[in-house]
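Okay, so chain A shows up in both of these, paired with chain B first and chain C after.
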Partner chain A sequence: MANRCYIRSVAQVSCQQPLCDDWLSAPLSHDGSYAGAVEPQTRGVISPGDARRMGKILKRTVCTAYSALTSSGIEMPDAIVTGTGMGCMENSEKFLTDLVLNGEHCLKPTLFMQSTHNTISSLVAITLKCHGYNNTYSHGALSFDSALLDAWLQLRSGGIASALVGAHDEVTPSLARILEHTHPEYAFISETSMAAVLSAEAGEGPAVVVEDVRMANNWTAEDVAAYLGDEDRVIIAGTNGNALNDEPYARVLDALDAPRTVLRYKHVFGENFSAPAMAFYVGATLLTRQAMPAFLVEKDGGHGAGAPLESVTLLNHAGLAAWSVVRLRRL
Partner chain B sequence: MSERILVTGAGIVSALGRGVEATYGALLQGDSRIGRVRHLRTEHVECPVGEVDMSNEEMASLLGVSYPVSALRTVMMGMMASREAVDMAGLDVGDLSRSAFISGTTVGGMDNTEEHFRALMDAEATDADYEAMKYNDCGASTDLMAGALGHFRMVTSTSTACSSAANAIILGANLIRAGLVDMAVVGGSEALTRFHLNGFNTLMILDTERCRPFDRDRRGINLGEGAAYLVLESERSALARRARILAELCGYANACDAFHQTATSENGEGAFLAMSRALSMAGIAPERVDYVNAHGTGTPNNDVCELAAMRRIWGEHLPPFSSTKAFTGHTTSASGSIEAVICLLAIMRGLIPRNIGWGNPIEEGAVPVLDNVEGADVRYVVDNSFGFGGNDSSLVFSKYNDDNGK
Partner chain C sequence: MEELIEQLKAQIIEVLNLEDMTPADIDANAPLFGEGLGLDSIDVLELIVMLEKEYGIRLSNPAEGKAIFASVATIADYVSKNRKK
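Entry: the complex of A and B
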């Protein structure tokens, strides 16, 4: 008998107010195609000396991890599993700039030490003194889903009893410019950090579980539709208003028999390789709060106003025929 | 009893050559393949490296690939090694559709990024510069390798620096155990780049002579490059299709040292936990280990801490151990799978490779394997891979024994 995987807490830093749910009632709106993150207060979480040395993504990571752990009541997770598409981009870019402009001498070790993708997950482990399983996935828009799948499998099998799972990407102005060229399907580029605490045991609040995590590399729209069952009534899709991005989602929704309520999130939180983690954050938040703000609703599939929200299905298209489906359910 | 995970294919390219047979031949011969840099364009010619002795053009020609793949050394090496693994296992198109492809890399297409970076920073980049950036993140590298083989059920990338390939192997095994796939092509690929050669150089942990793992006077790493992949398969699937079984992956674990981003704790806590958890999963007493392929980078810090961790498990009587990094250089993200192939050769061919460059012990009794041992009866091996951030992974491979007796 597989263990359940409860979502004990979620926390985010993004272009919305950090480490809170203010976006539910008063979402910040952003003009233009790129918005940086609203930085969290680090005081009380990171010492001023450490904060000076740490890059932005590392500070956001520590703050979201700290926030999620604190509200979960779990101080020491059994595992830390992280997704990041580009890792510590700011430091990598600085190191590379020095290398290209000034040659291969007089480079700064700190920039390199804090430039690998797993600097992020390691920093959390070092901060917590957590000796448990630690892994990092860097696979484009499936980085978070890969991390979630890994933790979910280990929780279900009983290998671990809790996990801190997250996804983090920082987007420098030059990376934003590059992404506009390399990812013409994007609409609004942003920076996001998300941390969630998963546990085999329910916490005190409403019980929300991760029921299924599925990654596929070779699915047609019909395959996706076939995998989505009748119970997947409310779908959080990765649509963003850009036809290049939305067309595969439209084909899936067309292939479904019954109408579904489709929610979107990328117009609120923006897009980068870690954005699918924000769908997880939104889904968990809506199930916990029993909320469904109108600005998230892209297509009303007849989910009655005031009707209880039982489950949310996250649908993420990650390029070509790669998809992920995550099912969250309120018990 | 959970599903047993078998190894039914392997492929490798490194400074030791291309293919499992060439690698075996080079190990048997016993000479280091570390030398002066030839293919990477770097000012640091004082740092010896273990390069795959082919230019990008030669790799592209061998593989029959054109741009952009021809500009992505990590991808091309990965294609060579993963193709060999899939062919050895005899996987067909139908098999791939019930398989995962999981690859570890950290630099991805950084070598190609370096070529276009100046133009990109000047904001005078051409479409070609932007086009190149489509293929340079870790996931894009993996997608290109997987796509060259066929249609996998799922594809992802681990990126935990020098333990990346080992962690890809761990995920693959967990996916098979969970029944999500029957097989997984798992490993890692990493090309030398100016980025990480210079990065390691700023940390002052590159030796300007050939590296000397576990030697008292060791001074650091020689970087290397390469790729290696294993085909992991559930016992049920392997037996059903009468696959040739190379070995069993009977234990694995990852633990975090949680001490420092680039240094290891004195008592090697993370390494100790990784090894002891992997051995516990394998269900064997430590004394039954016939060979440890150590991480053994040759830095003053790693080797003494890894020894400390081994002492905590084995006490005075260490099993035969060696670092093969003086053969290949430190192949960073690929090292976990490259050394896994070397461990498979120990099991399959009875070859325990020597630890080149050793002269004096770090501490009394800590003497690695100094001469190749041939014809050894190797039943259990431990493969260590430790990455930055204290990301420590250990794998236990064993001779496959179908009577289930341990």
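Entry: the complex of A and C
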């Protein structure tokens, strides 16, 4: 029998107040189509000597990892698995700008070393002195789901007993301008840093498990609908109010034979390649807190106010026929 | 020389991202590595790039590095004798 995969903790840095759940009761609202992350306090987490070499995404990553590990009671995970669409974008921009302006002779070594995608996951390992499994997935909007699937399979099979799984993407103003053209399906662009500690053993407090992780790159809306069962009563979808983005989700929901309660999160946390990680964060938080704030509800499918929230299903469309379905359940 | 030392201090703070420091916090004669600012080998690489970019100096002999980067004063002395711009 496969092991269970418990969510021991989650932590986020985004355009909401960082490293807390204040967004549940008082979400920050942002005007315009782009908002950067609210930076966390690094003092006490990262030494000034280390912080001076870190770009913003690395500081956010260390802070979310530290927060999630502290909350979980697990100091040293067996594995660190990370998803990122664009990696250390700010450092990459600086490095390439130097390359254009100064040629190849005056390139800064720190920007070179800390501009790759797997810098993020490796920096956490170096900070923790974790010599376990370390992997980075960079698969666009399926980056987080890929990392989650990797950790979930290893936990279920008993290969590891715990994992720090996260997704991190920074969006510089210049990248935001590019994304507005290359991704017309976006509505509100922001930045994401999310860390979760998964374990084969339950911790203290409510037990929430990752019951299923499924990705496919050849699914029609009917295939997705067929995979969703009667138990998928509350769905956290990647809808954002933009018809270009929402149409595939509408086709899936139309193909279902019974109404479902649909929640959304991108209007609160914004969009980028790591945004689906925030659906995971929101789902885990709602199940733990037994909360369902009205501003998340896109469609009321009959889940009664105050009724126990037993499970949520994360539905993520990653373009064309690429989909992911993640089931979270409170035991 | 004093003007060059002050300029180098400001450049070191900027290049190494020493956010909490001002030029007045850096003793020109204090060791840059180990004690003093506590810089390391990656910082040396950053300083080598800075010397080439700002002063046109290309260090051809790595063995000279230890003496050149001993302190801000030794860097200033080397720059004043070898600068190309």
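Observations on the model:
Assume the second predicted complex is superposed on the first by the 331 of 331 C-alpha atoms of A that agree within 3 Å, B and C clash if a C-alpha of one lies under 4 Å from a C-alpha of the other, contacts with A are read in each partner's own complex, and residues count from 1 in each chain.
Note that in this section a residue touches a chain if its C-beta (ideal position, glycine included) is under 8 Å from a C-beta of that chain, and two chains touch if they have at least 3 such contacts.
Computed from a prediction, not measured in an experiment: that's the story for all the values here.
Look at chain A after the overlay: chain B and chain C fit there side by side. In the overlay built on the shared chain, the residue A:A37 is in contact with neither chain B nor chain C. When the two complexes are overlaid on their common chain A, residue A:V325 makes contact with neither chain B nor chain C.
The angle formed at chain A by the C-alpha centres of chain B and chain C is 70 degrees to the nearest 10.
Of the two partner chains placed around the shared chain by superposition, chain B and chain C are both touched by A:L107. Contacts of A:T136 after superposition on the shared chain: chain B is touched, whereas chain C is not. Looking at the shared chain after the overlay, A:V312 reaches neither chain B nor chain C. One of chain B and chain C touches more residues of chain A, and that partner is B.
Of the two partner chains, chain B is the only one touched by A:T182; chain C is not. In the superposition on chain A, A:R52 contacts chain C only, with no contact to chain B. The superposed three-chain arrangement places the nearest Cα atoms of chain B and chain C 8 Å from each other. When the two complexes are laid over each other on chain A, chain A has residues 105, 107-109, 113 in contact with both chain B and chain C. Residue ranges on chain A touching chain B, taken from their complex, read 80, 84-87, 92, 95-97, 99-101, 103-105, 107-109, 112-119, 121-123, 125-126, 128-140, 142-143, 146, 150, 153-154, 156-157, 174, 177-178, 181-182, 215-218, 273, 319-320, 322. On the side of chain A, the complex with chain C involves touching residues 48-49, 52-53, 102, 105-110, 113. Looking at the complex, you find that chain B touches chain A at residues 42-44, 97, 101, 106, 108, 113-114, 117-118, 120-121, 123, 127, 130-131, 133-134, 137-140, 142-143, 146, 151-161, 167, 170-171, 174-175, 177-178, 180, 194-196, 198-204, 253-262, 269-270, 273, 387-391. Of all the residues in chain C, the ones that touch chain A in their complex are 15-20, 38, 42, 45-46, 49, 52-53.
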